[in-house]
Amino acid sequence: MSERLDKIFKSPAPKTKLVSYFVGCYPTPEISLELIKEAIDNGVSILEIGYCTSEASAEGPIIKAAHDHVLNNGHNLKDIIKLVKDIRDYNQDVGIVLMGYIANLYKYPISKFVDDIKVAGADAVLVVDAPHELKEENQLREALNSNGLSLIKLAAPTTDDNRLKDIVDIASGFLYQVNVSGVTGVKSANEIDVTNFVKRIRNLTDIPICSGFGIKSPEDAKKMANSGCNGVIVGSAFVKYIQDNIENKDLPQSLGNLVKNFTEELK
Amino acid sequence: MTKNSLKTGPDELGYYGEGDAAMGGMAVGETLMPALHELSKGFEEAIKDKEFLDEYTYYCKHYIGRPSPLYYAENLTKKLGGAKIFFKQEHLNHTGSHKINNSLFQVLLAKRMGKTHLICESGAGQHFSATAAVAAKFNMPLIGVMGDIDIKRVNQNIIKAKHYGAKLEAVPGTLKEAITSAIKIWSSNPEYAYICGSAVSSAPFPKLVAFAQSIIGKEIREQSMEQEGKIPDMIVGCVGGGSNFAGAIYEFLDEPNVKKIGVEASETAALSNGTPGIMQGMKTYMLQTDDGAKSLGGMSLGAGITYFSVGPMHSYLKDQKAVSYSSATDQEMLDAYKMIAQTEGICSALEPMAGAAEIIFRQAKDKPKDYIICLSLCGRGEKDLDTIQEHIGKDFE
Amino acid sequence: MTKNSLKTGPDELGYYGEGDAAMGGMAVGETLMPALHELSKGFEEAIKDKEFLDEYTYYCKHYIGRPSPLYYAENLTKKLGGAKIFFKQEHLNHTGSHKINNSLFQVLLAKRMGKTHLICESGAGQHFSATAAVAAKFNMPLIGVMGDIDIKRVNQNIIKAKHYGAKLEAVPGTLKEAITSAIKIWSSNPEYAYICGSAVSSAPFPKLVAFAQSIIGKEIREQSMEQEGKIPDMIVGCVGGGSNFAGAIYEFLDEPNVKKIGVEASETAALSNGTPGIMQGMKTYMLQTDDGAKSLGGMSLGAGITYFSVGPMHSYLKDQKAVSYSSATDQEMLDAYKMIAQTEGICSALEPMAGAAEIIFRQAKDKPKDYIICLSLCGRGEKDLDTIQEHIGKDFE
Amino acid sequence: MSERLDKIFKSPAPKTKLVSYFVGCYPTPEISLELIKEAIDNGVSILEIGYCTSEASAEGPIIKAAHDHVLNNGHNLKDIIKLVKDIRDYNQDVGIVLMGYIANLYKYPISKFVDDIKVAGADAVLVVDAPHELKEENQLREALNSNGLSLIKLAAPTTDDNRLKDIVDIASGFLYQVNVSGVTGVKSANEIDVTNFVKRIRNLTDIPICSGFGIKSPEDAKKMANSGCNGVIVGSAFVKYIQDNIENKDLPQSLGNLVKNFTEELK
């Protein structure tokens, strides 16, 4: 269990943490680092750094385009881990979660991966397609736990209470509460559904809950913060902003402003 | 089932084999996990329900036209001068391939489970048109996902599916992109039934599809016993995801005397040239970059076997050395197509011609005359006529 | 066979019925008369030869995939709310229609008679591709004659026939021109075997083709008894030359309780709108000018039923009032196609949709629920997909 | 049995009779009559006047084109019979055989047809697709015979001796010996085959034999005359000449010259 994540959620401010997803090395390793630095400087509590795989099954068109860009540029998990190190060198407080698919970890392989990210300064890993039914999830979870890192588990609207119990039992760091069924960046989250879902989870556990999927604007983030969750996760909105302004020389600064718009609402 | 049977697997979590070497499993997002467990439960219940199995058998007979004949390819046999070659005539099934065995089974299962909407992916469009036919028959809307490269080359299947009332979702690419997209659509609509077209993806699909297709091998046994007084010495089939071949060999898994050869397209020969990896819901042999970031593999003329990966049962059987796997080139498939058209009067799909090529060019000749080889002739050629014309049309002038 | 049986005909000279009203006969040039007599003799001998009949049965089962299922079209039945509708699934035969029953029979007969070369004509190309498949299987060269209008609309059959090794001879026009040309080629090569594609032309073809196709009705009887405990109350089929329908009803000719309706294309409805005449080797109902100089008739979307004339057995049965004949329009066929694709998940050829239209629009609704109607679903739709798309493609968007 | 045909064959000259086939009313009824008059004037012994049907199964491309032309112009069997009358008015010695298919006769119908052609002055009828197995052949033959007219029968290379016996038994006027298997105007006749075939027929009957199919030139005609036959039949060669010179104002005269080239060889 990551102490840093624990500390972040124990801290009273900001009231609701902003968890922001960035595609690692997108659009380039250098700009990616600049963007993330700005995000940190503008109040992000936890970074999700996405690593890419060609068969990612949970990404909507926005994030998929960014993944394809990174894959085509030939950057892989090793480059992402290097990015993590650079981020950690820049800031020691922000939470860093590596997020992606089991394909790359399996090949890394898992034990070495955990060693390397620990050295780099990551706090946790979230593997989209590694439910606890998967042997490799068990291996990864064990390796992370014994290294003081967290495996972030997800709960989806389709997850019933029985299954939710199993999940919260093994959850660490925070629980990633998936707001809507589907891929990233498409459907919008519904406030009432999210509130009910947070309640359903709260009945079972005290673990911090971060609510993600379908949060597109600072207003959305504010609404979701009212659901009782501990953090809101914004991904496609930032990636889309980067995509739309990729030619812009001031992109890191303007992204920083966008991040600030979110964090301001969550104080 | 005995402890040491190759038929016992997979376990509850979808693993074929044990320990780190186990293949299969469930590598999908949380949103779909409940749906997969529900499907597993639904499947296990259904196959204990005699009424359900009878219903499947009824439509196999009346709708699909089963049993498909086990046909002695006398001319081909004589031409090659070795083993006695039989074709399991799955191409005579309604909609023209083995795919409908599985579509029918899964749609009946979906109906039994109270599902009202269907999704499927397809490579050669055979699974799409088969599922669309069954969906029409059981009055369920269907969305089919296909890669744009495939859509162009197997256009007739798309038109038929549309006539049956299905909707097509086109994505750039071929089968693997279609699978990824289908899973995304399913994630967005987890209450739908996903009708997976091959023995691939997360558990319980590999098991479920192999079960549905195992009717092929059961018939082979019966027919071979009746016609030849013995079971085949060798069973050969093409392998894309591996469903027709799984169906052909399942019955004989515990009979090592029956040699089994699965043949992939040489451009996407996951079992011959791949390494274990985890993508698209399963651990299995696949062609991917060393770092696991990208699936690899070129294009085969066989749309249905242009797949960088393979069903986990086959990876397990390869590791167990229970089944051999090889591959065939485009040219070999075309040569086999031509030979079979001209000697047997059968216009086959290109996919099974990978299996035929293995028999023609590598297996039949040096075998004794009473050695029986059975080819799973799993699809008819209409969908591929344009492709064949383009490549070897002039050979027929 | 009893004296008063409708199954006794035709007589030795090919006449159905007696006196001036008799239909059929042998109206061909002297050059071919010996060949026709030889064929008659060969046929009569062959059907007394158990080994030959066993050979036919063997290939029917293993090559064609017989029996074709008798399929309860439950959804269509419910939609129409009247009679219980069954499809005799001839479209599941190898090469996709009933035509191969006859091709197989005649090629086996030709082989038995020592023939080495084959000719055939074709309308929809089904008979061409079927005969080409069988010709490949029995290693005999084949020339197929088709009209250029048909060649365009059923292109896939041409390509398949070519892949089987057959040669195409194109003539301007449709089926009737193809028949005339095929006879000319045969006259020039009277030692060839002419594999006639329907129950038309000079004796002994109408008898011989009906014999080969009568397996359809025999199976209908068995299957209907087994499945429903009774034989059908009505049998409906499309009529071009009349072979599939002849095959479906032959078994039941002496059972007046089985109502029989043959359905022609309304543009070439010889039995509804024609008069007796003698052309293309036979006396029969046909569409022709009053002076007998010219055949008449428009174009139907059903390539295989675009024929100005009809087999003489049907003319006889019409005169005997033993069978009813009606016709269906293009629009009715298309509507029937759409309904059957969407309710039953079957992509049918357009020809049998003439029969389906009769059932859907005129027969099924007012019948009691235990009234069994059997449709001869004699061909699959791949060959017609372009035509269907062109006419009602937008209906499926 | 036609007395006129009998008389023609009994007459010693020409040694070999020229039987010439013309498509009736081709290219027009008027020109057709002119052409035929020239043929008569240049020594033709017997005229075969073809009437047309769309499904004619024994005609090669040359005659088929002429048939299609006549059919498209709307001329039918009635017009042909009128042409026969005009020919007979012009000449009382030439033999006239109506030649065609059973389709038109059946519809005429047969009994009236025989009445009408008798009045018009025809001597015989040849129906390509009416073997003696056909009821309508029997009716026609009977009606012709009882009216002193002939039904010309054909013998083909495929006709075996048994069948030949049946045919010569009912033959009248002359026997049309088909030299080659096939349609008109395509294959060439082989002298030896024809000679053997004539011998085969002669063994069975004394009826005059006219040899047709595949005779394309005066030289061919001369060769065939050596086979022992009593007449040679030329069809496609004349029809082709007419086709090729259809725009020529002097066509009748030049056709007459062509006919003369043949009759000269057969004297």
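Every chain is named by a letter (A, B, C and D) in the order it is written, and numbering of its residues begins at 1.
One rule holds for everything that comes next: a residue touches a chain if its C-beta (ideal position, glycine included) is under 8 Å from a C-beta of that chain, and two chains touch if they have at least 3 such contacts.
Everything numeric here is computed off the predicted structure, so don't read it as measured data.
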Worksheet, complete the sentence: At minimum, the number of touching-chain hops separating chain A from chain D is 3
Worksheet item: Most remote chain relative to chain C, going by C-alpha centroids?
Response: A
Fill in: Centroid spacing, where centroids are CA-atom means, of chain B and chain C in whole angstrom
35
Worksheet item: chain A to chain C: how many Å between their CA centres?
Response: 67
Worksheet entry | Sequence positions of chain A contacting 2 or more other chains | none
Response to the item:
Among chain C residues, those touching two or more other chains are none
Item to complete: Please give the residue numbers of chain C that touch chain B in the complex, ascending.
Response: 61-63, 65, 68-72, 75, 89, 92-94, 132-137, 139, 156, 159-160, 162-165, 337-338, 341-347, 381-382, 385, 388-389, 396-397
Discussion item. Touching residues of chain A toward chain B in the complex: what are they?
Written reply: 51-60, 71, 76-78, 101-108, 128-131, 133-136, 153-160, 163, 167, 178, 181-183, 186-187
Worksheet item: Can you list the chain C residues touching chain D in their complex?
Response: 13-15, 20, 22, 25-35, 37, 176, 180, 183-184, 187-190, 277-281, 283, 288-295
